[in-house]
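Labels for the chains are A, B and C, by order of writing; each one numbers its residues from 1.
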Amino acid sequence: MSAIALALLPFLPVPVRSFFRKVHGPRLQQWMLGGWALLVFAFLYIPILLLVIFSFNDSRLNIQWEGFTLKWYAALLENDTLIHAFKNSLFVASITTVLATVLGTVGAWMLYRYRFPFQRAIGLLIFVPMVIPEVLMGVSLLAEFVHLLKIPLGYTTLIIAHTTFCFPFVLVGVQARLHGLDPFLEEAALDLGATPLKAFWLVIVPYLMPAIIAGALMSFTLSLDEYIVSVFTTGAQSQTLPLKVYGMAKVGLNPQLNALSTLFIVGTIFLVLFSEFLTRRKSS
Amino acid sequence: MKTNPRHLLMASLAVFAIAGCDRPPKPDVAKETSGQAPMTKAAAPVSDEEKKLNIFGWSEYIPQDVIDQFTEETGIKVSVENYASNEEMLAKLLAGGGTYDLIQPSEYVIEGLAKENLLVPIDHAAIPNLKNIAPEFLNMSFDPGNKFTVPYMAGTVGIVVNTDLVKDDIKSFNDVFVEKNKKNIVVLDDAREIVTWALLTQKLPINDINDASLEKVKPILSQWIPLVKVFDSDSPKTALINGDVAIGVVWGGEGAILLNTDKKFKWVIPSEGTHLFVDSLAIPKTAKHPKNAEAFMNFVLRPDISKKISDVFPYLNPNMAARELLTPEQRANVASFPTADEIAKMQTFKDIGSQASQVDETITTLKAQ
Amino acid sequence: MAGIAATSAAATTAAATYKRRPGLMSWLVLFPLIAWLLLFVIVPTVMLVVLSFAEQTGLGTITLTFTLENYQRAFSWTWLKVFGTSVWYALLTTIICVIVGYPVAFFIGRAPASMRNILLTLVMIPFWTSFLIRTYSWITILSKEGLINSLLVSAQIIPEPITLLYTPFASVLGLVYNYLPFMILPIYTSVERLDNAMIEAAYDLGAGPVRAFSQVILPLTAPGLTAGALLVFVPSIAMFAITNLMGGGIPPTIGDVIYKQFTSGRAQPFGAALGTLLLLIFVVCLWGTRRQRED
C-alpha cells in the first residue's frame, strides 16, 4: 500500500508535495524516487523473468507452461551454429562499441571546443544514421561496399555499418554533458602547464565519463540486436544472432534462445556485481 | 574509493571481445567476393572444387542436422546465410554482394531469374534422386523440364478456424470476411496474397493483375481489411494459439503446426480456390562450387533426408519416397497434404512485375484508413 | 534561483565565446570523424538520392535514368497519412518515456557513486536479450489468454479477457519499453553533475520543491533531457518491427512501407524517394530549431 502511495507521489498536487518536502526533506524525496524506479525496473524485467522461466518450459512452441526441463540448455550447448552466431554478435558489438565511443566522444569534444567551418552541417549529418530507415542504410552501404569500395562482405563491413549508426548516440549523449562543462576547467589545466591533449585526457574525459559509459552501453545494446542493416552488410562467416533468429518465428522461436539469453543475462549481472565486489574490497 | 568505471568497462569489453574471438575471420572471405556485377561473369565449370558450399536460404528451412549429416558424409563444409523473404535474397543477390552456391527461390521468382540469365542449368545426371519427386511437381510452368531447379517444399494458403470460439461453418473466403468476424481474423501480411484471394472470389485471373482487375476488387478489399486484427506473415499461428483471433488465412505449414498443437483447430481449403507455392533449390550464376551444390540437391532429395525436413517443417513434401516414410499422423494432416483433386485446382504464382507496386499501394492505402 | 540559472547561462555563453580556432593538430584529430561521415554517411545518402531518381525493372535491376515519377508518387494522401502516424507514435513514445524515465534517471544520478554504474547497467541488461524473444514475452503477457488477462479474470476483476494485444496501446507500450533506456541514460548524465550545493542554496533562499525543480534542476538537466528526447524520437519514427509484432501491423508505419518497397513492393527507387523525403523533412526541422536556439 505504502509502495503504491510512494509511486503515486510524483503525481500528487503541489501543496501535498511541498508539505511532504518541508516535513521530511530530501531523503523522503529520494525514497519516493526509489519507489518509482523500482516500479520501472519491474516493468523492464517482468518480460525478462518470463523469458527465463520459459527457458525451463517443456514445450517447443513455448506459449503455455507444460513442465520443467533442462533439455534446452543441454541442446544449446551442442548448438554450434547458434553459439557461433552469438559469439559473432558479441565480437561485433564490442568492437563497434569501442569505435563508436571513441568517434563519438572525440567528435563531440572537437566540435564543442573548436570553431570548425561547416559546424552546423556536421551537426545535422550526425543525425542522418539515426533518422534513415535501416533498410535504406543497409542497401546503400551494401552498394557502396560492393561497387565503390570493393570491400568483401564480412566482419569489417558489418562493424563499419554498426559503428555508423551507433556513434551518433554517443556523440549526442556526450554533447549534452559538455553543455554543463565549466569552461575554465580546461583553462586551469592549461595554465598549470598541460598540453591540450593532456588536459583533455586528465580533466575532460573524467568529467565526461558518465556520458561515455552511457554512450558505450547504448552502442553495445544497439549493435547486439541489429537485424536489417546486418542482413545487407554481413558475409557468410559473420552471421550474427539476430540473423539466425529472425526466421525462426516460422517454426516457433527455439527455446534454446531463451536458454542463451538467460545464461547471458545471469552472466552479465554476475560480472557486474563481482566487479563491484572487487572494487569495494580494494577500497576497504 | 570510487569504482573506476573505466576499468569495469574495459574489462567487460575485453571479456566479450575475447569470447567472440575464438574463430578469427576466415581468410577465404576475401577470396570469395570479386565485386563484379553478376551478369558479366560466366560460371566456369570446375571439376575438382574445394570442399565448400555456401547456402543462401530461408532461416531454419534446412534443419541443422541435415546440414551436419551432409558434411559428415561428403566432407564438404557448409556455411549458411539466411534471409527472411525472397526479395531480401534478390536484393542481396542482385547487388552482387555475396557468392552463393545455392539459393532457395519461390516459384514466381524462378521465372524471372531464369529469364535474366541468373541461374546455372543443373546436370540431371548428378541428381538421380530427382526421380523421387511426385510427377505433378516436376516440369512445372515456372521451370519446364526442371532445367534450373529441384523442388524443395511446397504448400498452400488456406483457412484455419478455432472451432472452440467460432461455431459457424466456414468454407470460403466470403465466409471468413463477414461483419460477424470483425477484428477476429489474422491474415498474411502479403499484399499480393490478399489481392489474390479477392480475385479468386471474383473468378478473375490471379496472374494477370492489371488496373482493371484491381479496380474490380478494391471495393471487396476495402470491406475485408477493416475486419482484420493482425497482419502477420512470419508467425500467424501465434495470434491463433494465444486466442487473440479465432480465424486465420495462413500458410499450410502454419496450419499444420496448429492442427498438431490442438484438435480445436480446423483447416479448410477455400471453395473459391487457392494457390500452390513451391520453394526450390537453384544455383546462381556466381556460384563457385556448382558441383557441390548439385551434390547437396541430390542429398536433400533422398527420402530419409527429406523426411527429416518434413519433421521440422510440416509443409507439402513433393518427395513421394519421403512421404512413405512419414508417420500416418503426418500424412493425415490435411493442412500439410491437400488431396490430389485439390492440388489439381490450384495455380502457382507467376511474376507480376511492376504490378507488384500497385498491389502493394492498394493494400497499404486500405490499411491506413 | 534566477541567479543560479543565470550563472549556468553565463557559463554557456562563455563557453561559446571561448571556442578556439582549430590548428593543424585539431584538424588531424577531427579528421577520422569527418572521414567517417563522408565515407559512410554522405556517400550512401548520395547513392540513395540517386536511386530515388532511378527506375526498377524486372526482378530488381536498377536503371539509372532520371525520372521524377517516384517523387510524384510520394505526394499522395496515403503516404502522408502513414508518415503522420509514425511521427505521432514517436511523439507519444517520447513523451511517455520522459514522464516515466526522468524520475528514474534522477534517482540513479543522485544515488551513491558506487551504485550508479551498476544501476545503469541493470537498466540496459534486459535489452541484451534477443529482441524477438523479448517481444514474444510481451505477447505472452498481453494476449487474451496471457498473464495479465489470466490474473484479472481469476481474481474476478473482469468477467472476460480484454483485448490488450494488437492495439495501438500495445504498440506504444512496446515502443516505450524498447526506448526507455535511451531516455534514462542521457538524462542521467545531466543529473549526475547536479551539484547538491546549488539545490541546497535554492531551498535556503526560500524556494519550494516545485520552484527548485523548475528554476534550478530542470534548466540544469535540460541538455540531458533534450538529448534523451532526440535519441528516442528520431529513431522511433522509422522503427516498425515493434508495431508489426505487437500492433498487428495496423496502422502501417513509414518504416514498414519503405521496407516493403525493397521486398514485395518491387519499387526500390520509390522507397529511396520516401526515405529522402523523410531525411529532408528532418533536416529542415532540425535546421529550423538550431537557428531558433542560436538567435
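Operating definition for what follows: a residue touches a chain if its C-beta (ideal position, glycine included) is under 8 Å from a C-beta of that chain, and two chains touch if they have at least 3 such contacts.
Small disclaimer: the values here were computed from a predicted structure and weren't measured.
Novice: Compute the shortest path length in steps from subunit A to subunit B over the network of touching chains.
Specialist: The fewest touching-chain steps linking subunit A to subunit B number 1.
Novice: When all chain pairs are ranked by how many C-beta pairs they have in contact, which pair ranks first?
Specialist: A-C
Novice: Compared with subunit C, which chain's mean CA position is the farthest off?
Specialist: B
Novice: Can you work out the whole-Å distance between the CA centroids of subunit B and subunit C?
Specialist: Each chain's C-alpha centroid was found; their separation is 34 Å.
Novice: Centroid of subunit A to centroid of subunit C, CA atoms only: how many Å?
Specialist: 14
Novice: Quick check: what residues of subunit B touch more than one other chain, meaning two or more?
Specialist: In subunit B, 3, 5, 8, 88, 91, 238, 242 touch at least two other chains.
Novice: For subunit A, give me the residues that contact two or more of the other chains.
Specialist: 63, 139, 143, 213, 245-246, 248-249, 272, 276, 279
Novice: Two or more other chains in contact with one residue: find those residues in subunit C.
Specialist: Within subunit C, residues 114, 117, 136, 140, 262, 268 contact more than one other chain.
Novice: Under the stated contact criterion, what part of subunit A meets subunit B in this complex?
Specialist: 61, 63, 79, 81, 84, 87-95, 97-98, 139, 142-143, 145-147, 150, 152-156, 209, 213, 216, 231-232, 234-239, 243-252, 271-272, 275-276, 279, 282-283
Novice: With touch defined as at the start, can you tell me which subunit B residues reach subunit C in the complex?
Specialist: On the subunit B side, the touching residues are 2-3, 5, 8, 85-88, 90-91, 94, 109, 112-113, 115-116, 118, 183, 186, 189-192, 228-232, 238-239, 242-244, 351, 353-354, 356-357, 360-361, 364-365, 367-368.
Novice: What residues on subunit B touch subunit A, complex-wise?
Specialist: By the definition above, subunit B touches subunit A via 1, 3-9, 11-13, 15-17, 19-23, 25-26, 29-30, 32-33, 35, 54, 58-61, 64, 79-84, 88, 91-92, 95-98, 234-235, 237-238, 241-242, 253-254, 257, 261, 312-313.
Novice: Considering the complex alone, what residue numbers of subunit C touch subunit A?
Specialist: Touching subunit A from subunit C are residues 8, 11-12, 14-15, 18-22, 25-26, 29-30, 32-34, 36-37, 39-45, 47-48, 51, 100-101, 103-104, 106-108, 110, 114, 116-118, 120-134, 136-138, 140-141, 147, 177, 180-182, 185-186, 188-190, 192-193, 208-210, 220, 223-224, 226-227, 230-231, 234-235, 237-238, 241, 254-255, 258-259, 262, 268, 271-272, 275, 278-279, 282-283, 286-287, 290.
Novice: Which residues of subunit C touch subunit B once you look at their complex with the stated criterion?
Specialist: Checking each residue of subunit C against subunit B gives 56-61, 78, 81-82, 85, 113-114, 117, 136, 139-140, 143-146, 161, 163, 165-166, 244, 248-252, 257, 260-268, 270.
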